[in-house]
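Next, two complexes with chain A in common: one pairs it with chain B, the other with chain C.
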Partner chain A sequence: MIISILTLTIIGAILGLMLSAVNRLLPYKEDPLIKQVTEILPGTQCGQCGYAGCSQAAAAVIEGEAPLTLCPPGGPSMARQLAEILDRPLEQQSSDDIVLPSLANVISEQCIGCTKCIQQCPTDAIVGAPKQLHMILDEACTGCGACVEVCPTEGILLAEMPLTLGNWRWSKPAKPNPFRTPAISREGIA
Partner chain B sequence: MLAVNEYLMLLLGTALVNNVVLVQFLGLCPFMGVSSKIDSALGMGLATTFVLTLATASSWLIEYYILQPLDVEFLRIISFILIIAGVVQFTEICIRSLSPTLYQNLGIFLPLITTNCAVLGVALLNSQKGNGFLQSLLYGIGASLGFMLVLVIFAGLRERLALANTSKLFAGPPIAFITAGLLSMAFLGFSGLPIE
Partner chain C sequence: MKLFGFRGGVHPEALKHHTEAHPIRKLPMPRRLYIPLQQHIGAPAKAEVEAGDRVDKGQLLARSQGLISAPVHAPTSGTIVAIEERPAPHPTGLPVKTIVIETDGQDRSFLNATAAGDPFNLSPEEIANRVGQAGIVGMGGATFPSAVKLMPNPNSPIHTLIINGSECEPYLTCDDRLMQERPNEVIDGIRLIRHALKANCAILAIEDNKPAAYAAMMHAAEETGGVQVIQIPSRYPMGWEKQLVQIVTGHEIPHGQLPGGVGVCVHNVGTAFAIHRTLRADHPLLSRIVTVSGGAIKRPQNLEVPIGALISDLIEFCGGLTEPPARLVMGGPMMGQVMPHQQVPIVKGSSGILALSHHEIDDGPERPCIRCGRCVMACPVGLMPLEMGAKMRSDDVTGAEALGVQDCISCGCCSYVCPSKIPLVQYFNYAKGELQSRRAAKSKTDQTREWAQARIERLEREALEKAELKAQRAAAKAEKEARSAERKAAEKSQ
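Take a look at the complex of A and B:
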């Protein structure tokens, strides 16, 4: 009894010591930029960008493989943040094709209050109780669609977020403004 | 000279005739999971080769220098698992600092080598057969070479299958499983070789 406990403990301790020594010898240098970008991304690993997870997406954005607007849940504000960090111009779209993130919506006639979606939601954006109508908090929903898959009555659908003052923005003029006079330098006036 | 020949036969026999994946059906998880790209299949094969060889050697040492002298053979499985987990962790640390790209490609399958039953299976078979140290080592190397060979062959097949015009019902995993079965049947043909 004691011999077997001691044997396993000693084997484990020796392995642990060896591993920590190796870890010291071969330090892992994570790219600080990748870490920074990964922190900005939502981190729900929803895979809407087509990459395996948020850290892979971060690496792809940094290398320029993926556009700054790759993350639908992050939306325009996150794309702007990414543009700032990576010092890359944000490809401006016309106001017609502002890509708004999709959000989940409960169809109240279909919801039977089974709480399956609540258990799936990675961001705890669904409130509700058994046999009660569920509701989705738009502020917390990332539009990952995990709830849509589990709903037994097709009572949750993804729909594009409504355009509001909070997410609407001016589009850039397509041509340079002809009425805009070139800036006069102060020295010129004085 | 005869001894060298014998060892070569052992190597060939474990790699082809008693192939771990296609004949003994061990380690099917990475066989299906990491075989969609040749590059990552090769990386996985190399990582498994490294782990398997190191794990067979160290489990032989544990078996004959710790478990048997102390008369605690019932700890065999748990101590082998411990060793394998340690070796996998070691491999992970090495790959992470030497080749971050490979580390990203292998993803979750690298720590999952721990649960690759081929690794534990080979170690247990060695102690069951009572192989000597060199024999065990060769058995491990042969098994892992066989594993890598099959993984790379299968990845190549799947890369072509991805481009092939498969019927919609069979596209993706179904045709991959059928291919794996055919490959296994092909490997059974090696049992006709005059190697034990």
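Take a look at the complex of A and C:
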């Protein structure tokens, strides 16, 4: 009895020491970039980019297999952050058109209350119950489209967020001078 | 009184002669008023009436929501026709929720004209509450809810109240005429604000190009005392809060701070007048004085306009246009906003309507920067517009931010002095918008990550609960089986 306990303890100690020595001498080098990029990505594992999850997407974008603009929910600001970290040039978008993120909308006539979308939503942005009309919280929706794919009645549509006084921004001055030709239609409204 | 210096600024042609000699006239009540629910900085007001309701003058139309918000009231009696999306007084004319009133011309008042006691007996909190309920916002154009500035803050007591009568924008004379025609009311309003803030002194600063207003205010101030009226040199942007604090008190307000940080509070003369009306006659903010001017206006003048009148109503009353305006501006020519068309309403912050003719605007072709540095001399904030402009031309928002573009007040001095006509201030507006979008996107991503994490945790928790339940059921089943086996064994043994 005592002999077997001692033997096992000694074997365990030796193996433990060996493991820690190997870990010290031959450390596993995880690419710090992967960690950095994964932190930037939303972490919703929505799969919009075509990869299984955010860490796979991070590996792909670091390898250069995926473009900087791979993440639709992240939008242009994330592409810019990725460009900075990976030190890769980001193709300039024309600054004339304001890029607004997309949001999912439930078409109330088509929703049958199956709760399939609720189970799919990576940010729990859909509210509803079985056989009740579902609703999407705009603040939580990332426009990833996971719900669109599972909806059996095609009752969810992605639409660009409407332009309002709150999200409107001045665009880059057109050359030569923005006010020489009226940029805005002057047609009156009755 | 000793004045302190400040850097920068420009001397644009004042062009106030169009309107400064004409008395304020009342705009006849238009047939319809369009009252936006968002006329101020902060949360929009929430409608309290419905289409079809009859309202009286001064009745609450929409309640303020949250701490930084302001209610709106009916400027006259009539019927609510609709509450709908209408073009906002904004360069894009994007829709804003608007209450449309069909006026009945009777001007039936909901208000009780008799004043309720002496407002000097009210506590500061009560004054701030009543000003907040009256929907008063900064009338100089900033439209920040005034009640917030009147609320006593024990952390930074106010020692000096400065009343802004500088009206440094060219063309505008609404504050000038107000001070000339209603000096006693303005002084009373200033004394009430001073009382609310418990300030040691109240200083009314008027630019030296308004001698008539200065004389009128001096006279009114001598009668009551408690308000010091001073003249300050005419220079744009003198009416900018931080600039005014610096020239009057010598304190420079640090980056990212408000005047309250150095114990100073700044209000506009129009706001003082509105506060006087509210506290003395229980009259909410229903109208304002608007300068209608510019080369394309037939009879430029100052009008007292109900909130919600369309620009076209004002222009029509001023004899119409002599030519199609090259630019229609709300506010002053330096910081005002270009309006998309005439069918947008006057709001609480509209100090002027300018229909500028072709010879009044100057947009020659943009030429290369010659690095003359005039914009650096003109910038009242102490920034380097030429460097920031160069950064923004190549969309280097981060570079512009490092040069301090966030501190730009969009006064337009740099664009005004630029001999190459580079649209500098437009570049900075673009930069600030871009930075704002980035901040919004970043906070959304952070929030998304949090939510995604919360979901993962929820799923794990649910799985765990399910497993526990399963284990419990299995245990119960096993126990039951064991018991039945025991029973069977017992039966057998018997």
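Observations on the structure shown:
What we mean here is this: the second predicted complex is superposed on the first by the 108 of 190 C-alpha atoms of A that agree within 3 Å, B and C clash if a C-alpha of one lies under 4 Å from a C-alpha of the other, contacts with A are read in each partner's own complex, and residues count from 1 in each chain.
Basically, a contact is a pair of C-beta atoms (placed from the backbone, for glycine too) under 8 Å apart; a residue touches a chain by one contact, two chains touch by 3 or more.
All values derive from a computational prediction rather than experimental measurement.
Using the contact criterion defined above for the overlaid structures, shared-chain residue A:Gln56 touches chain B, although it does not reach chain C. When the two complexes are overlaid on their common chain A, residue A:Tyr28 makes contact with chain B while staying clear of chain C. Contact with neither chain B nor chain C is seen for A:Pro72 once the two complexes are overlaid on the shared chain.
When both complexes are overlaid on chain A, the residue A:Gln45 reaches chain C alone and has no touch with chain B. Of the two partner chains, chain C is the only one touched by A:Thr123; chain B is not.
Judged by the touch definition given at the top, the superposed model places A:Ile3 against chain B, while chain C stays out of reach. In the superposed pair of complexes, A:Gly143 makes contact with neither chain B nor chain C. Once chain A of one complex is fitted onto chain A of the other, the partner contacts of A:Met18 are limited to chain B, with no touch recorded for chain C.
In the superposed model, A:Gly155 lies in contact with neither chain B nor chain C.
Set against each other, chain B and chain C differ in how many residues of chain A they touch, and the higher count belongs to C.
The residues of chain A shared by its contacts with chain B and with chain C come to none at all. Across the interface of their complex, chain A is touched by residues 38, 86-88, 90-96, 327, 338, 340-343, 361, 363, 365-366, 392, 395, 421, 423, 426-427, 429-430, 432-434, 436-438, 440-442, 444-445, 447-449, 451-455, 458 of chain C.
Considering their complex, residues 3-4, 7-8, 11-12, 15-16, 18-19, 22-23, 26-29, 52, 56, 59 of chain A touch chain B. Interface residues of chain A, counted against chain C in their complex, comprise 40, 42-45, 73-78, 80, 92, 95, 101, 121-125, 139-140, 142, 163-165, 167-173, 175-180, 184-190. If you check the complex, the residues on chain B that touch chain A are 62, 66-67, 70, 72, 74-75, 78-79, 82-83, 85-86, 89-90, 93-94, 96-98, 104, 107.
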